[in-house]
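The first chain written gets the first letter, and so on, giving A, B, C and D; residue counts start at 1 in each chain.
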Amino acid sequence: MAKALDPELRSSPGLSPANWAIISLIILSIVTGILETEESLVHANGWMFSAAEMVLFCVFFVEYVLRIWSSVENPRHASRWAYARTPASILDLVTLFAIGASLLGPEGFLLRLARLLRLLRLSRLGRFTAAWQTLARALANRGYELGMSVALAVLMVLISSSLLYLIEGALQPEAFGSIPRAMWWSIATLTTVGYGDVVPLTAWGRLVGAVAAIAGVGLIAMPAGIIAGAVSEVIQQRRRDAMPGAIKDDDGER
Amino acid sequence: MAKALDPELRSSPGLSPANWAIISLIILSIVTGILETEESLVHANGWMFSAAEMVLFCVFFVEYVLRIWSSVENPRHASRWAYARTPASILDLVTLFAIGASLLGPEGFLLRLARLLRLLRLSRLGRFTAAWQTLARALANRGYELGMSVALAVLMVLISSSLLYLIEGALQPEAFGSIPRAMWWSIATLTTVGYGDVVPLTAWGRLVGAVAAIAGVGLIAMPAGIIAGAVSEVIQQRRRDAMPGAIKDDDGER
Amino acid sequence: MAKALDPELRSSPGLSPANWAIISLIILSIVTGILETEESLVHANGWMFSAAEMVLFCVFFVEYVLRIWSSVENPRHASRWAYARTPASILDLVTLFAIGASLLGPEGFLLRLARLLRLLRLSRLGRFTAAWQTLARALANRGYELGMSVALAVLMVLISSSLLYLIEGALQPEAFGSIPRAMWWSIATLTTVGYGDVVPLTAWGRLVGAVAAIAGVGLIAMPAGIIAGAVSEVIQQRRRDAMPGAIKDDDGER
Amino acid sequence: MAKALDPELRSSPGLSPANWAIISLIILSIVTGILETEESLVHANGWMFSAAEMVLFCVFFVEYVLRIWSSVENPRHASRWAYARTPASILDLVTLFAIGASLLGPEGFLLRLARLLRLLRLSRLGRFTAAWQTLARALANRGYELGMSVALAVLMVLISSSLLYLIEGALQPEAFGSIPRAMWWSIATLTTVGYGDVVPLTAWGRLVGAVAAIAGVGLIAMPAGIIAGAVSEVIQQRRRDAMPGAIKDDDGER
């Protein structure tokens, strides 16, 4: 049974059918939790949400008990109590409580938010682990240049928001009355998001805004190029590993 | 005659003059269908649209009959009735009905929409086929990394919309009153579209918004880099194929 | 004198001092023409603009006469009258009239616009010519893939604007009452410009909008990758040419 | 003591603990200066800001005196007076006055802005110097193509804003009443920022707007590709330098 639940004990690569089912249910529970925040949906289909939460609670409760029970089959865990204290197991318990709490009353949002943490655990399971590590390593190798981009970005946010504060601070106190306020406009412009809820109105303010918009195009090109390079490295790495006859120094999990 | 209509029977690469004419008429019928939705245009030039639709209906009717008639010249089709049941032929019939229906009354929009499906068939005809297949294969090779990007994007949409729901849900119930509502803002920000119809108003909401905008720049760099890499692979592939003396294992249709 | 005006007769690479001066004056005349459209500036500094236009007219008149006079020194031009009928010379005359007209009255905008055409001629002069040709050739080599991107973009604009027309056409007739109207929103979304003057308001419309925004990120990655590849080819080409000992098959003008 | 303050005298790479402390304090002083512009924060925590400024002033005063005192240990500076006249030292004095002035009254914003200049000096210190130089050199090598992008961008801004001025100048005089005004919209569109505070309203204006938005996607691809290429060159350069056995022709400061 432990082989069905613990990816580390499984001989063949990929996830076991049991784990695929649990992942599907985790995703279902997240989708349910998200939809439940929309009152118009809950109002119309209240009993469906209640039933779904009830079923999910029972399944996750059984899963939790089974995981603890079978944990000793993995030599890494000294005892069931030792496994129960691992972060992964505590996270399971927390999310179990979260679902239970949402069954009792509609105020359990903060607890329900905890279920989102499960998504992070998902990403550590099975297939994606090796790829994420390759990407993280590729980005770490470029940490120096990413740092340069961040430094340049911070500098440009500071300069553009300071200038807008100086130019339009008196005219639009709500939007540019202080540098932290002006930063909202500044970041929206430099990332080319451009909400438009706050815009410079004077000629000088618009001149600074136009320069910031153009600088933003160059600014986002730096991290974009670095990340694209890191991703392409990950792709080449995977191809090398996938080639027959290649020396594999990985855990073969991918 | 079949040689003029069926690209598979044509010896030389590219489309026959007859098929070029039909493609032009298909595009014209799509443009007509689009412009007809604008009432001010129809009001002013009603008879022109009627005449165009009438002509297009007749041409496509003749084309349909000729295609069925000459289908037996292609050994792939056992009989005319067998050809008439192929998806391509059924699509022709549907679009024919769609144009006919739009002649009878102005309510035929849903049927007229079917004409857009013809555009998809266009892309399967002639020149572009091989290139699309190369691109699809290049993207499929990167499916793993594209999946990582999508997983990361979903995670960031979930986190940022959940946070905005928590922070501004009470202040702006219309915009952030539930997580699905907050996702509209979240996706507009992470893709750097930034409509600005919905924006955070509090300091904490704007902090999350600024982080989401910056994260969005990094997030879109991943798929952009992957797609750009796939496109560049397609370009190199085509160049290799175009080189004299290269071994061609393609259908020579490009 | 022809050597000072005609780049083709100049032995050393680059532009002659006389041509640099004329280019500076052309740029000055464009800037003047642009600023003159802003009435508040003209109102305050009217005489400055009049004086600048007067001087520019005289200089360009003298330049025009000198160019015609010295044209016969270039063996390419059979006679002065033959040179006067070349497109470049006619363009000079048109822009001369344009400046003259703007001296007489403030309504000469359309004529003044002709001065912008001179900018295009600028780009054909001197230094940039070879680089533009290399870029144009690099883009032409990728014309096939650029065509694919355009086809995909047109398809996505059609689909997303048709869907919004169907979903929100009745609710927002001004914005989505016809497919051509909905295209304004559609293009603003797919290019991630996102003005926000027109946005979907219903849940289904926003679902389509979110999908379009995400698709836009992928869509702009294709031409961006192609253009970036073409630009990088231009850079490498220039480096190869700049290397000592490399075989130069260019006109040595760069 | 000079070894602790002057990066040039330090034998090991990186910054000394004393310089790290000073950099932290400079960042703290910048953050303080920024937050002080927000009146609601100053109102609530006035004494904290006063205390922080007081401490920062004292520390920077001591640092300034010590730097002047120990400057003669670096053979590059002939005398303490010679060092005090270097731009770096004058900048220190200016920022010192700026902090002092902000202690006396709340109107010292312009002086406080001078503190931002210190950030620029930061970037010249220690670790980042070599990387910035490599990036600057890589960008300078591509100056020709960057110039082409800028020329193309200027041309497109001119054309699109002139067209909008012609089409919508009479309808929306505030937004498109002159070419300089129309440029605000034009730059926001071509950089895909798209504030949406100013948008074309007529069919022709929107046609130009749609073309500009699409052209913008291609336009920002050129500098983005050039900058991404320059950054990737910097990364490769650093890797080559980091390889054991590689010939190092750098100052070893990185």
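Here is the rule we use: contacts are C-beta pairs under 8 Å (C-beta built on N, C-alpha and C of every residue); 3 or more make two chains touch, one makes a residue touch a chain.
Nothing here was measured: the structure is a model prediction, and the numbers come from that model.
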item	value
Chains touching both subunit C and subunit D	A, B
Proportion of interface numbers common to subunit A and subunit B (over half same, under half different)	different
B-D against A-D, pair bridged by the larger set of C-beta contacts	A-D
Option reproducing the contacts of C-D, where over half of them reappear, out of B-C, B-D or A-C	B-C
Distance between the centres, which are taken as Cα means, of subunit D and subunit B, whole angstrom	43
Geometric centre distance via CA averages, subunit D-subunit A, whole Å	30
Subunit A, residues touching no fewer than two other chains	180, 192-196, 220, 224-225, 228-229
Subunit C contact footprint on subunit B (complex, rising order)	30, 34-35, 37-39, 109-110, 113, 116, 119-120, 123, 128, 131-132, 135, 153, 180, 183-184, 187-188, 191-197, 220, 223-225, 227-229, 231-232, 234-235, 238
Touching residues on subunit C, where the partner in the complex is subunit A	192-196
Touching residues on subunit B, where the partner in the complex is subunit A	141-142, 144-145, 148, 151, 155, 158-159, 162, 165-166, 177-181, 189, 192-196, 199, 203, 206, 209-210, 213-214, 216-218, 220-222, 224-226, 228-229
